[in-house]
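First the structure, in the form of structure tokens, and then the observations on it.
Labels for the chains are A, B and C, by order of writing; each one numbers its residues from 1.
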Amino acid sequence: MSAPSQTYDVAVIGGGLVGASIAYGLAKGGTRVAVLDEGDIALRASRGNFALVWVQSKGMGMPEYAGWTVRGAGLWPQLAAMLKADTGLDLCLEQPGGFHLALSEAELEKRKGLLQRLHNQPRMHSYDYEIMDHSRVKAMLPEIGPQVVGASYCPLDGHVNSLRLFRALHTAMERAGVRYLPNHPAEQVAYEAGAFRVATPRGEVRAGKVVLAAGNGNARLGPMVGLDVPVRPQRGQVVVTERTQPFLRYPVVTVRQTDEGTVMLGDSVEEAGPDPTVGLPIVSSIADRAVRMFPRLGGLNVVRTWAALRVMTKDGFPIYDQSVSCPGAFVATCHSGVTLAATHAFVVAPAIAAGRLPAEEFEVFSARRFHVPAAA
Amino acid sequence: MTAQFPTSDTVSYDTKSDTKARDLPKAVDLAVVGAGPAGLAAATLAASAGLSVLLLDENAGPGGQVYRAITTSPLGEGRVLGPDYWSGAALAREMLASGATYVPGATVWSLSRELELGVSVGGQAHLVQARRVILATGALERPMPIPGWTLPGVMTAGGAQTLLKSSGLVPEGRIVLAGCGPLLWLLAAQYLEAGVRLEAILDTTARENWRAALPEAFGFLTSPYFRKGLALLRKVRAAVRIISGVTTLAAEGDESVTAVRYATAGGESGRIELDTLLLHQGVVPNVNLANAAGIPLVWDAEQLCFRPDVDAAGTSPVAGLAVAGDGAGIGGALGAAERGRLAALAAIAALKPGAPVLAQRPQVEAALHKALRGRAFLDRLYRPADGFRRPAPDTIACRCEEVTARQVTETVALGCAGPNQLKSFLRTGMGPCQGRMCGLTISELMAEAQGVTPAEIGYYRLRAPVKPISVAELASLPKDESAMKSVERG
Amino acid sequence: MFRRLPEASGASVHLTVDGNPVLARAGDTVAAALLAAGIEHCRTTPVTGAPRAPYCLMGVCFDCLVVVDGQGNRQGCLVQVAEGMRVETQRGKREIGR
């Protein structure tokens, strides 16, 4: 699997969900794409995510992101159908609405306030949500325990089998003619005479355009093509149980049952640097909250825990940007590679293929927002 | 609860374990995981040197797999199990008298870099801080993925031997043994001794293995295994139909196994109707806890398995953590005890530098050298054939998720680089066995498909919990304010 | 199918398997007791519903999963029998709460 010397229209650096979604979208549009990826051992958020297609509570401080997310959730059924047609794989997308459970009155009040402030923002893309009390929640989630005082519910929320999404994207990429190059970590990216040369330990890949989709690796790669990508790893830990009969009809932001029957319990938010090790106090806290929400979860066995690294910006919103000094270089980075997968395939990829991220849609996501001197 | 069967040793262990679960020490000098020969010898020696020692083991009694049920076997004193088995009684006896705190029925599910062990006893999770840890988690039988190996009625030879040792159970009806390795022949001999009739032994030892093993024959001729091994083979060969040079095997049946099909290198093929098919092709290190604790795995090209990266004394790159016995690479029961003692001596040297027992080191090393004689010969002679390590396309490779070899190679064709990516795509290794039954098969299949060595492909990265614990147990562990905060969402 | 060697003695233990009385021996694991009682299928898999039976008898294969005293997915080969124990064979995924 040595790197071919041929030239591609686009080299996508990173074969995770973001890179694979964009590569898939590009290839479906007839673009010749190579995806350069790391090997088996990589810090892959795509293997560690919680698999929610999630809308509620996103966009505090950047209302455009709420709209972007709503749009992404809306495009999802189309992506699921296309991937099913291309690969035969059922991604088990379900968008029945989702819950955020509160374990005290204080938590519920805090939740209520946050959603109110979110929706009161100017330019906010408003959508339905509801604050429910215990009995309303109980009617929809009969397994909740007495400590659940209430919840917020948003009908736009859902979830998917994200590992199958990952596999489907890779299968579909291959079928759409994308050249996937594992064990080709990008070491250097150079811009010369209107084209890009990406150096890897297994040789060089040339392309007319380059898309940085390397997660936290984008911070290092960006400056090579005139892009500033201030991202940092943020650790999240997840606990998974053995398979059990279906008991949960709706995803909860920290508890969801997969189509296979396992129950995922998540997920911490830790500023721990690039350390992806699991810590018992954290997973114990995750288990504790989950059992308080759904007491009968206590008897299930845990079969796996893991820690993964989110790709986080200072304000928590994604960066989509294009280079001024190296035209044809783009960056796409976010911590919601599942929720935004359809957006990346159907909105971001065509823009990249056309050679420009339209300002009216993407300006707000440019990293230039971090360069503005802090306003009073 | 004990009143109903007051005479049973097993029950008295259970009682002890209940008591000890409550009194499980919070901190010890040395924690030993696994009460097989390596763990028993390590715990005994360390306790005799005055260290506080905690010996944790999953089973109801000491002995590990090789000396399984050594204190409780219903075949006590009888000849069925043979003198090699009964030689393990001394190890157990010495440990029980050594002052080490022995907790049976204890499942160790995590071990941190700081040597804090997560242990479950009787459904209760505990944390124990150790200054040193010796992992003596032993071996498990190498997966033997043939068509139909998941059918009821197909079992490992080691599993059948466990039933014999701990419950005095033998299969009924028509029985066939298939595979290779010393344990297969030992079980056959034990069955013959017990009056069990065997339909056949389908011997998968490749003929060319004899040539490869020959240069190592001298070591074997002078090893403790030679005489006994030869006598055993003779006895079995005289009493059982042996079909040699078997190159393919397939178990048949719908709800349960009803027959085995085979073909040999000599062009012979056949079908034998049966009720029980016992498979075996050697043993490999049980690496899950060692790897989850941070010890890298290395590919052993001679033994065709991954083993933790430790030196001859079991010392690992993780400070204070050692691996002893077959869990560090297969060396057999006698060698395991000596490797346990070597690891214990290293722990004693670190914690009690002046201890007189440290002078025993040369004797232990000499005993180990003697015990390992002949190992290379056995490794080569019983090297499992390629076709029994890398199954045919339609054969299940991952028993838990029911993934076939074909699905694995098809996914490699997508560019899937290694077993950890494969796990994401196919769920191999994600079931309850956590890769123990498929890990080697997957790495070897992927290596073959990519034209590289298993060393280049690597193995599953393993993480705690290496055995299942309940969500409630996990929730019961100590947690601090910052941990609680990190999981609350606004 | 397994049988007990005549020289293997020991106290009897009474359990039920799917409601039927089964006689085991003190010191047996649940998996051993099932095999001795001629119960070959202890579960069906949650993936395809295929029947499975105890395979490794040493706690690593997880094919002997059964419901013990109302608790699902117990490793039968690691649980010692006890007087009055209720064992159930398991079909597919366990249920939450049992």
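Simple rule for what comes next: contacts are C-beta pairs under 8 Å (C-beta built on N, C-alpha and C of every residue); 3 or more make two chains touch, one makes a residue touch a chain.
Quantities reported herein were computed from a predicted structural model and do not represent experimental measurements.
K.L.:
Averaging each chain's C-alpha atoms to get its centre, pick out the one most distant from chain A.
P.N.:
Between chain A and the rest, the longest centre separation is with C.
K.L.:
Return the chain label for which the distance between chain Cα mean and whole-protein Cα mean is smallest.
P.N.:
Of all chains shown, the one whose C-alpha centroid lies nearest the global centroid is B.
K.L.:
Comparing the two chain pairs, does B-C have more C-beta contacts than A-C, or is it the other way round?
P.N.:
So, comparing the two chain pairs, more contacts are at B-C.
K.L.:
Using mean C-alpha positions as chain centres, tell me how far chain A is from chain B in Å, no decimals.
P.N.:
40
K.L.:
Using the average of all C-alpha atoms in each chain as its centre, how far is it in Å between chain A and chain C?
P.N.:
43
K.L.:
What whole-number Å value describes the gap between the mean CA coordinates of chain B and chain C?
P.N.:
Result: the chain centres lie 22 Å from each other.
K.L.:
Can you list the residues of chain A that touch 2 or more other chains?
P.N.:
Only 242, 260, 297, 299-301 qualify.
K.L.:
Which chain C residues reach two or more other chains?
P.N.:
73
K.L.:
Using the touch definition from the top, which residues of chain B touch two or more other chains?
P.N.:
431-432, 468, in rising order.
K.L.:
Considering the complex alone, what residue numbers of chain C touch chain B?
P.N.:
For this pair, the touching residues of chain C are 1-5, 7-11, 13, 25-29, 32, 35-36, 40-41, 45, 47-48, 50-63, 65, 73, 77-78, 80, 82-83.
K.L.:
Would you tell me which residues of chain C are touching chain A in their complex?
P.N.:
46, 71-73, 92-98
K.L.:
Which of the residues in chain A come into contact with chain B in the complex?
P.N.:
Chain A residues touching chain B: 1, 37, 39-41, 44, 46-47, 57, 100, 107, 110-111, 114, 163, 166-167, 170-171, 174, 180-183, 239, 241-242, 253-254, 260, 265, 267-270, 277-291, 297-306.
K.L.:
Help me check something: in the complex, which residues belonging to chain B touch chain C?
P.N.:
1, 4-5, 7-11, 14, 58-60, 65, 69, 72, 74-75, 78, 80, 140-141, 150-156, 158-160, 162-164, 166-173, 194, 255-256, 275-276, 286, 399-402, 431-433, 436-437, 467-468
K.L.:
Okay, in this complex, where on chain A does chain C touch?
P.N.:
Residue positions touching the partner: 143, 242-245, 247, 260-261, 296-297, 299-301.
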